[in-house]
């Protein structure tokens, strides 16, 4: 198996990390303690306070899912592996596993008057994730791991897009120091665009 | 592998999410702290207080397991994939991962006199899960992903059942505002029916 | 894939649950908070207080691992699947996922003078797990899922052993009401025997 | 499948444990509670306090990832399985799952004046992990599970390296009783060396 599909085990490993990262998100949503709830109205109120947590949950879930789909598609282009490819993927997974932290931060602080740190950190982590994609696609190019000619072209595109994303998200992180809300809207629109683009593509 | 079985990796990914969602349920059950327990009788009492948590655990486990079996069987009908199929599955998984929350809510509040919010939310989430099934089976129909003629018919049935479930659970959620206990019993009977039906079928 | 190996996906699903159950055990071991530790001696003391948790962790890990190995070997005998086989496995997994709870209970309370509830519950859960094995092996017999003649004999043995285990652990649970420590030693010896037996076998 | 690739299921199981161990690390990083944060400056301060946690997260992630890559490569040398091989792997996984505990300990206490217990325990656990590698490679030798002549030589090397690591880390643990900081630097350098070595190798 190892020889026929050298990337299969790495792929399964990455999928495991993505699946767990997605599912772990739920542990931040806790039901209201029954001792603090006396009436039906109080229970409704307590549930309404969970709104931001549920919002952060859905957001993190969507972001990790979109990243998984990209990862899934990228691996289609590759049929060999190398030491630096494995570790570049490890670095990318590190940023995926970390993602729920800045997302929860944004969910908690976006609508307060101290939203700046949350949005700055969110876009910084996304910029670091872009570095992950640069390393992964760079390893494919350097070690010639791509499947065929078409794949080589697509990997080159992914590598260039990684640099574009790094510059864009670094800039957004910087500007968010002054205009957090505006940058949050821009970031959300970028994700929506990605999702729409990703939905149209065959997987 | 990707070309021969385009749905294999998606399937494995979904299975991972189901398996983790099932197993994570246990972290809500904590042993009584030894500082608060002085005698054997006190330990028995402390353990009895865990009753509702254990009940919610078994309930959530059963519901996610039945959903997994359905998902498992549905994937037998499909042998191609598409962007919207992948994202429709992602949406379905979102509802699966979320399920332990309303189940724990029902386990905690069903026998109090403010059970209505718990049962309303439980049936609402189930209605949203029905939307997930509508999207998944709709994507199979739209993008012609079914394996053969028999599968096409079964997917059409699943699509129609999704709409039926959406209407039924929305109605149940609405009525539960006034009669939470009665609706809880109806919901439990629907699951028992599903389980019995599912047990008879070959998998 | 589904047709060639109808049990592959169920097997992978079960493995996922076992792997997560094993790994989740670590979240009960927390490092001492640095605010409460002023000197090196205090840190050593705080770490010594973690002894019972670490002991329960190793114990749960060993028990789930041995159960996984048994499950792994049992699946070698089976090459077909059925509705009741899937749900019987689901029931068995429920007991596996639950196992860390009674194990932690034993780890916490065994050396106090109110150990009885812990040992009673531990052996009761093991008895329920025996029911899981009875259901799983029973489904294989009823639906004729065994691979060949040798497998049929081994499944019959497993079915009978399930009943023996059910009777033995129920008795142990009952006797533990009066003699918890003695029963704990008997239970540990049974596991040690299982491990020794399991180590000798080829997997 | 079992006969053609007797180690496939064990490999997938181990991968699952590694993937979960990696991903679970994130649950130790919690966002600051919004009730305790009144201004943007306070949020930045609260986030800076998370520094050691994030550092321990990255460290644990790197260590488990490197161990996974070693495990991944080791399994390439093996194409048969045995009872003692399975349990030796189980023991190795136990140490992998436990690793985040001493790593978090080091992250929390390294820069205090009571760092000794943290560094001693860290190197002790690494020494126990070396025992895991000795058991795994020993089982391969004893039960003749290696794939071919080259693999036999590489497994013999791994076995000898296990003993070297056991001696080295035991010594480091002992010396750390008096010079924790110096030993922490030596340990970090050993990991960096491993990573550099591992990156150069084809996987």
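As written, the chain order gives the labels A, B, C and D, with residue 1 at the start of each chain.
By definition in this document, a contact is a pair of C-beta atoms (placed from the backbone, for glycine too) under 8 Å apart; a residue touches a chain by one contact, two chains touch by 3 or more.
The structure presented is a predicted model; accordingly, all values stated were derived computationally and were not measured.
> Determine the shortest chain-contact distance, in steps, between chain B and chain D.
2
> Which chains sit in contact with both members of the pair chain C and chain D?
Chains that touch both chain C and chain D, as defined above, do not exist here.
> Tell me the rotation angle, 0 to 180 degrees, that brings the C-alpha atoms of chain A onto chain D, to the nearest 5.
90
> Between chain B and chain C, tell me the centre distance in angstrom, where each centre is the average of that chain's C-alpha atoms.
That pair's centroid distance is 25 Å.
> Per the centroid of Cα atoms for each chain, what is the distance between chain A and chain C, given in Å?
36
> Two-or-more-chain contact residues of chain B, please, as numbers and ranges.
12, 16, 20, 24, 27
> State the interface residues of chain D toward chain A in the complex, per the touch definition above.
Within the complex, chain D contacts chain A at residues 5, 8, 11-12, 15-16, 18-20, 22-27, 29, 31, 34, 37-40, 42-44, 47, 57-58, 61-62, 65, 68-69, 72, 75-76, 195, 198-203.
> In the complex of these two chains, what residues of chain D are touching chain C?
1-2, 6, 9-10, 12-13, 16-17, 20-21, 24, 27, 81-87, 90, 93-94, 97-98, 100-101, 104-105, 108-109, 112-114, 116-118, 121
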